[in-house]
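You will see subunit A twice below: alongside subunit B first, and alongside subunit C after that.
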Partner chain A sequence: MIRFEPRTSVPLALRIGVPLGAVAAALCISAIPLAAAGAPILRAFALMAQGAAGSVFACTETLTRATPLIFTGLAAAVAFRARLYNIGAEGQLYAGALAAVAVGSGGVSAPAFVLVPLILIVAALAGALLMLGPTVLRVKLGVDEVVTTLLLNFVVLLFVQMMLEGPFKDPMGGGWPQSAPIETAGSLPVLLARTRLHAGFLLALVASVVAYVLIARTAFGLAVRAVGENQAAAGFAGIEVTRVMVLVGVLSGALAGLAGASEVAGLKGYLTADMSRGFGYAGIVVAMVAALAPLAVIPSAMFIAGIFIGADTMGRTLGVSNYIADLIVALALLCVLVSGLFLRFRIRFG
Partner chain B sequence: MLAKPDAPVVLSLTGIGKSFGAVVANQAIDLDLRRGEILALLGENGAGKTTLMNILFGHYVADEGSIRVAGEDGKLVPLAAGSPQAALAAGIGMVHQHFALAESLTVLENVVLGTRPLRSISLDLAGARAKLGALMRDSGLDIDPDRRVSRLGVGEKQRLEILKVLYRGARILALDEPTAVLTPQEVDGLFVVLRRLVANGLSIIFISHKLKEVIAIADRVAVLRGGRKVADRALEGTDRAMLAELMVGRQVAPTRRVQRAPGPPRLVLNAIEVSGSHGRSGLSSVALQILSGEILGIAGVSGNGQSLLAGVLGGTIVPASGEIVLDGKPLRPSPRAMVQAGIGRIPEDRQHEGVVGSLSIAENLALEGLDRDGVQRWGFLRFAAMRRHAETAIRDYDVRCPGADAPIRLLSGGNMQKVILARVFERQPRVVLANQPTRGLDIGASTDVHRRLLAARDRGVAVLLISEDLDELLALCDRVAVMVAGRLSAPMPVQAVTLERLGLMMAGQADAA
Partner chain C sequence: MQAVLDIVIAASFWEAAIRIATPLMFGVLGALLCERAGVLNLGIEGIFTAGALAGWLSVYLGCSLWTGVLIAALTGALFGLLHAVLTVPLGLSQHVTGIGITLFATSLSYFVYRLSLPSVASPPTIQPFRPVHIPGLSDLPFLGTALFGQTPMTFLAFALFAIATFILYRTPLGLAIRAVGENPAAVEAQGLDVTLIRMGAVVAGSILMALGGAFLTMSAFNAFFFEMTNGRGWICVALTVFASWRPGKALLGALLFGAFDAFQLRLQHRIGGAVPGQIFLMLPYLLSIAALVTIARGADYPKALMIPYFKGQR
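Here is the complex of A and B:
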């Protein structure tokens, strides 16, 4: 018989080892669908590793892909810490991107040192504003924010499509539903010549550190952690739970909005309605794999970005659908969730 | 009831040992239970009572030792470890402190629940009814089998829990802190039932930390301290002080309250109204004056509005009408306003409202004062200052813990309570609201809480003590009021009340006043 005994403390080695083990388990399990697709398993994994990190260019592609995931992962991690389940990072990302092109594609003319910060600020504001509604509904009326934020994603996406077919449509775009390009002064510079890695990545790293300091080292962060772990006790101690939740919601939305600005101004140059490849949703996985720790979001986002980039290479070479990447990421999430059991309990046999 | 040293042994635990990591919960415990006796298992919280019972019922597997139970023929046979089903089949039944009843079902349905395979189509309630009726006659546990459980009082629910266990054929009955929720009269009633059950041949393990009850009911007492059995003796020839010393491991001085004249009114409640919900009573026109330098006690059976009163004073419940006045100034109720006005609050449920389990002791101490200089500068936490502060509190309040940075959930209830006390008293409160401050605490920790409350009173603090422990109220309070169905009686000087009178008033017999 197997029995579970609650742990009184979790050693650090276990806290790091268990998520890594879970990821390894996910890769092992994904060998089954790979084999089913007729791919030679070892070669498939080798190709994935090569595609994700086999060359300087591959590495920069992975980091480029990781950039929006770090932002959306932070958005989820910060909100989930306060038990505010923001599933709307996808919509907030698009809201941020739309605000970025509204300002950056000719809306405002200014030198780079003004325009770039302006684009980032309006994008953050747009994401924050979008998250404000669901957060206020949640804290004032108890409306489930999972439902509201999730549904808003579709509303925002349709709104973006409408704008791209209408006022935001690029007259030089050859009829495609896309925005006019961000002006050169508003673009984020490329970090490494002949790659797509842009300054958005550095911004994401900075955002991670700021989020870490905020959560772990400030009085506000302590209030957030207290509210998330035990709202009743936090409220009893005089912490203004409503205020903390609203601020967390705004912060989370702003981080997701920055993901949109970074993609538009750093990578794509213009906005299309298919710009995000589910980065908002993948951010939730990133945050969960990182156990909601802002600094751990960085490697977690790199890992998941690596899976996506690597699976592209592997799929092209072996003729396996690159949907395998979604499968592996989903498996990684499941394995990490299950592995939480090993952190909470000591497992005894007999 | 005399001990029966020659009665056959029905349950024998030998050399039981159990550790959780570095913590030794049980060590080399031998325990015999004889037919027809009431064995009190006495010990402070964390002494290992619960672990021992969890091993007996198969929730845990002991690291060492064995359990043997008398079979039908009276021979002792080993009990399969780690199987609640095996324990049930061997005739061991447990009544937990917290009831496990389906509120929307009737008494009879609750008794039958879980005794039949899920796939069986008929419930055979008629047969069950007959069996239950016979049980009720034999045991003296009488409840209407067709009443819904939601309509039962606490005492009746407990009777139902005992009936459930008896219905399953238990011959060994373990009761975990069974009197915690009962009025004194209900306790007397329970004891009558327990005596009758042992007269019918049952054996009972009575788990408690209340010495008075152990002396009143038990034939024999086994005392656990620090996971070891430190005494196992017939109750004859023991007294309260001796048991207390065995349990705590040192002499316990009883709390002494020195009569002194109270000061002017400090906190005044006027016509407080809170609407009830879910069939629980609200507060109706509650008025109260707490004087500076007094302890005012609120007695009452749980669920009569005491937690609402505590919520109003704690700021978590906003009354529909009425006013709260502190030193002549009206207060707008919110937890933050209460903290800042100098109302120190000791919550009823310390795990739920008192502490955030995953945060450290230092962080929990800081929670009420996140804006204070000792906690933060420019918004950044001052970890060193917080830790120093916590270390002082740990020393002053004798908190047993791995350190200031340890998550507070690792602490025992008593030590958690000490942290909360430290948090309350460091702000030099003008009023202290103590809601069930010693619930679940052992004698040592309780005495400590009492001492601190009395010291606050002597410094001129107005203390409101809500408690279900009448002995505690009578020992500490200057005045006592009784709460029944959301109404508060006029406070009476403690010299003018007796345990019996309080009990009757708690039961709603207003004429007793």
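Here is the complex of A and C:
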């Protein structure tokens, strides 16, 4: 007979060890599809590690990929803390990216110290505005925000495609549906010569610290956590639940919008409708692996980014489809969910 | 106005409306069954994809069409069982687990597709279900095309609606399913196993979702494409709320949705040049959100929806 005894406190070693164990379990399970694809398993994992962190360039590629994931991971972590399930980071990312090119690709001419902050602000606003609707519908009418944010992802992507074939289309783009490039003054500088790592990464680190301070060290953060733990009790304690939820929604949307700005202004230089490879959805996994802790989002995003970058290298060498990366990431989410039980309960046999 | 009328009076329009509604009928019935038992199943989008691939791939590899349907159903049952184990006895967050199931089922389907067919430029095709010819009925002037020009899976969807409605409202099993979604403690008091009933409903609902996916690759089209489910699963979840968790309204909702989609496709064809195509493609999603908003205030949620139940715990 197995018994679950609720834990009153969780030792730090468990809080760090359990998510790591879950991720390790996900990697072990992914040996099955790798074996099915006929890949030598140990070599495949070695190649993945090498591709993700085997050289300075590989490391910078992983950090570059981690940048949008930190932003979308924070977007999910902050919202999920209040039990506001924002699954719309993908759409908010595109909204932010569209706003960024609207301002940065010739819309506004200004020196860099004006243009860069302006791009970031409008992108954050665009993401926030997109999340405001589902949040208000949730708190005022009780409409499930998961379904509305998911459906809006499709709407936003179609809207971006429409804009890129219409008013935002680059006349010099050779007929491709892409925006005009962000002006040099609006671009985020590259951090390391001959790599793609850009200042967006530093912004992501700053955002993590700000989110950490906000959630863990302020009265607002306490209110957010209280709403997430027990909404009714928070209301009785005098917390304005509606206001907290709306602010959390806006903050979450803004963070996802920044992911879009960082990608166009830091990495791509222009906007296409296939810019994000599911970064919004991967952000949910990043947040869950990080146990919704803003600072833990950083290593978590690096790990998920490493899987994507490593799987690309491994796939090219061994001829394994790079959907293996999405598969490992999905497995990581499920394993982390199950592993949460070990944190909540002490499991006794007999 | 004349253009609208021309579209609506054509028998082929109604034939298309029912065809487009069919995967939604499977999906919305599946979602309804899970939610009536108190479990939100956001794995639906991924289970659609998995069912679409499993059915199509089995036929492509030589199985008969109905064997393909069966394999799709089994695939749905497996993912449903996974969702059920994680959310019912383990009581994990139904929202996040569902998203996890969707990510898992989708990526696994794409991986298996690439594994089975490593180097194909255009997707290979199968011989899909054909419209059945029912002597007499299919030859009726208007209804013959609109109602009876459908493939067998559409008739299966209608039949399943009838069976599910009967089970839900006319049998002890149905009463138990509805009760675990409203007041699980009362069911426990009757000596029934809440966990088992909830898990059974989730597995059955997931089978229906997978059949909706299989319809896409085996009846509506004849091949598997990436991202072919295109949010149909999420639309089904929205339709379930719109239907206030009642099968009759759910069927109506799916059919209305199919009619709307068929209508916008035809309208797009007529006035396509003047308006960007994406506007039309956005409409189904916006309509789903609108449906949610209009119904939300009076929504009669199953009382225990998304609330895990643990034996002996208050």
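One rule holds for everything that comes next: the second predicted complex is superposed on the first by the 350 of 350 C-alpha atoms of A that agree within 3 Å, B and C clash if a C-alpha of one lies under 4 Å from a C-alpha of the other, contacts with A are read in each partner's own complex, and residues count from 1 in each chain.
Everything below uses one rule, namely that a contact is a pair of C-beta atoms (placed from the backbone, for glycine too) under 8 Å apart; a residue touches a chain by one contact, two chains touch by 3 or more.
Just so it is clear, the structure is predicted and the values come from calculations on it, not from any experiment.
Student: Contact-wise, after the overlay, does A:284 reach subunit B, subunit C, both or neither (first, second, both, neither)?
Tutor: A:284 contacts subunit C only, not subunit B.
Student: Which of the two partners, first being subunit B and second being subunit C, lies in contact with A:337: first, second, both, or neither?
Tutor: second
Student: Just to be sure I read the superposition right, which of the two partners does A:155 touch: subunit B = first, subunit C = second, or both, or neither?
Tutor: A:155 contacts subunit C only, not subunit B.
Student: Name the contact category of A:193: first (subunit B only), second (subunit C only), both, or neither.
Tutor: So A:193 meets neither subunit B nor subunit C here.
Student: After superposition on the shared chain, which partner residues are touched by A:13: those of subunit B (first), subunit C (second), both, or neither?
Tutor: neither
Student: More residues of subunit A in touch with subunit C or with subunit B?
Tutor: C
Student: Once the structures are superposed on A, label A:238 by its partner contacts, choosing first (subunit B), second (subunit C), both or neither.
Tutor: Only subunit B is touched by A:238; subunit C is not.
Student: So in the superposed three-chain picture, is A:37 touching just subunit B, just subunit C, both, or none of them (first/second/both/neither)?
Tutor: In the superposition, A:37 touches subunit C alone.
Student: Residue numbers of subunit C touching subunit A in their complex, please.
Tutor: 42, 82, 86, 90, 92-93, 95-97, 99-101, 103-104, 106-108, 110-111, 114-115, 118, 230-231, 234-235, 237-238, 241, 276, 278-279, 281-282, 285-286, 288-289, 292-293, 296-297, 299
Student: Provide the residue numbers of subunit B that touch subunit A in the complex, in ascending order.
Tutor: Per the stated touch rule, the residues are 20-21, 23, 60-61, 82, 314-316, 334-336, 338-340, 345, 347, 352-359, 363, 366-368, 370-371, 375-376, 379-381, 407, 410.
Student: Enumerate the contact residues on subunit A facing subunit C in the complex.
Tutor: Those in contact with subunit C are residues 33, 36-37, 80, 85, 87, 137, 141-144, 146-148, 150-152, 154-155, 158-159, 161-162, 165-166, 281, 284-285, 288, 319, 321, 323-324, 326-327, 329-331, 333-334, 337-338, 340-341.
Student: Can you list the subunit A residues touching subunit B in their complex?
Tutor: Residues in contact with subunit B: 1, 3, 5, 7-9, 217-223, 225-226, 229-230, 232-240, 348, 350.
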